[in-house]
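Both complexes below contain chain A, partnered by chain B and then by chain C.
Here is the complex of A and B:
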């Protein structure tokens, strides 16, 4: 009984989508990062199409991991990448001035997943930026009528990312 | 850390003017061309000449950068070093994307044309436009790093 699922990683630029996929992909991921010229983001490279990685789970399931660009000008890719996906991992960047407000854009962009509960919200950099706390995200999601699991995660840590995937597969 | 040459190009009035002049020349020599845009590899529009307001240089530039990056990933998968150009053939017309010579793939020329010019000629005229921009702006791969 093996099956294949497509999982999307979304969220603002610099949240760690590309990093998360590179941590857990079994093969070197397909990368579409190019030199970044946008001073709003302190990054040397940025994803302009997709990241793509693959992961086989112990139960025989295969995951195809798609990361999409965070910048609003690339939102046309989201819809293309989301076709046939099982669920979405939304990464919030807690270093932003208003990370919960920024997250709204991605919650709307993946509304069909969010509405049917096929999404988890992941909060990064909590060790240096503890607020908003996980509870604040939980409450915000309740208030907007779309409760979702919320988790802390450091996208640089493979085990953190695997735990997030586990939770997503449980709710999907 | 940021790609400063890209930002200089994005913001230079001279750079934009040269690009626009050469793309105007392309439209004059090739009437099937409906729009031509120079975009950065990270998806910003630098200069454009469009026949019609329905073309959005901002959207097309984001898409051109995504397409070139994906095509580059396919080339890499085939063990080829880079993607020089990419062609979209449609019953309505053709779209060509090519990396601007001398920019290490950091600038892309996008040309949208209807089917009234033979394809070989469209491709050749597009390439010549890209080369003229390179020559007029002295773009060389090692001078822009």
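Here is the complex of A and C:
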């Protein structure tokens, strides 16, 4: 049995992947941030390589938490990172113009996880941007035949991130 | 409810009283429930004089006029034996249904939903003498509320003494322009959490395996921290109440409230035996990860 296990965090740039990982990692997440060249997003720096945090489990096993790059041009990395992962947390950013359309890209990119239900959709910034609502995401996922849990989550709050992980561990 | 239903007469002319008493004796063998005439007026149903005969009124607290076809409860002169039998049987059915459901906000909402599905009508509920009210429109899938969720708690506590009131047609426009509508699933959900009072709602069966039909919008719904985990579990495979209790660390109260709320909002539905069978087969075919998941949960403090 493998002694290393993985959970993947995916979503557009600035959605909060690195922040979510930092809430639960035992070590500060190792990230590669560089100047942002993508003008669609407001962040001055953004993750362009896989960044990860880690948790040591009993018996010497490790749980690695991978944040994969949000920019579409790095999507080739997703398959490599996701190989053998327990499940995927797909983060939608409700401040984007069409967050559900953006989410489609990630649903397709992680289709094998989505099809077997080993994924959770997380909606960030729902407090300030209430639409699309959680139930809109739920409906969209049902309409495409891939029902998944949909959770509002503020990645800055550890309890929110833990609840999402709890749900993912239940469905994966 | 006792095993015998009681009937009394009110305001009937002597002739009508005599005829109806005789019909009552004749009807005895054709009634679905046992009835007895009650002289003191404190009865389950009352036959009350109206212009052209008598109306059978159901007297159980919390009863709603929508619970039975009102025509069935009208007896017209000359009184017919068969009409009387039908009226008493319809009344017995309505009273039995009401007894099963109990006087709670959840029970009355189930009744309202069943009887008024897709109706344009606005119905409202409030405490006697209080200004704050709850308004419901099933067609618009919306409710409006003055006084916040606290009012729902009070309504649930007092439900056995309250009656829904149909509002005039123009009330819908007024509500839509003056108040923010909330989705009905939220009202159903909250009523489920409130009305069980620590027990499964009386019309639910603890042995039923429940499937999650739709993921609940927890952002809008009051919930305990274990609710999302239970929802995820019921999304994966049918779960009985006992399964859910075990799955949320033995927290019986939380599991009961989750089932009550989930069923009321129609997020949870009873699983078919085929679904239960295929979930069991899938569980057998799947490599066991429970040990690993438990170790991760322990590490994260989620057990």
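Note that in this section the second predicted complex is superposed on the first by the 161 of 172 C-alpha atoms of A that agree within 3 Å, B and C clash if a C-alpha of one lies under 4 Å from a C-alpha of the other, contacts with A are read in each partner's own complex, and residues count from 1 in each chain.
The rule is short, and it goes like this: a contact is a pair of C-beta atoms (placed from the backbone, for glycine too) under 8 Å apart; a residue touches a chain by one contact, two chains touch by 3 or more.
From a predicted model like this one, the values you see are computed outputs, not experimental measurements.
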Exercise. May I ask you to decide whether A:73 touches chain B, chain C, both, or neither, giving the answer as first, second, both or neither?
Key: first
Practice problem: Examine A:140 and indicate which partner it touches, taking first as chain B and second as chain C; both and neither are also allowed. | Solution: neither
Quiz item: Of the two partner chains, chain B (first) and chain C (second), which one does A:31 touch, if any: first, second, both, or neither?
Solution: first
Exercise. Give the label of whichever partner, chain B or chain C, reaches more residues of chain A.
Key: C
Self-check item: Which of chain B and chain C A:91 touches, first, second, both or neither
Solution: neither
Quiz item: Touch check for A:15: first (chain B), second (chain C), both, or neither?
Solution: neither
Practice problem: Jot down the residues of chain A that show up as touching in both complexes, chain B in one and chain C in the other. | Solution: none
Quiz item: Which positions of chain A touch chain C when the two form their complex?
Solution: 5, 24, 55-59, 61, 63, 86, 117, 123, 126, 133-135, 138, 141-142, 147-152, 159, 162-163, 165-167, 169-172
Self-check item: Contacting residues of chain B [partner chain A, same complex]
Solution: 1-4, 6-7, 10, 40-44, 58-59, 62-63, 65-67, 69-70, 72-73, 77, 105-106
Quiz prompt | Touch list for chain C against partner chain A, complex | solution = 183, 214-215, 217-220, 225, 228-229, 231-233, 235-236, 289, 292-293, 295-302
Quiz item: Okay, in this complex, where on chain A does chain B touch?
Solution: 30-39, 42-44, 46, 48-50, 69, 71, 73-74, 76-77
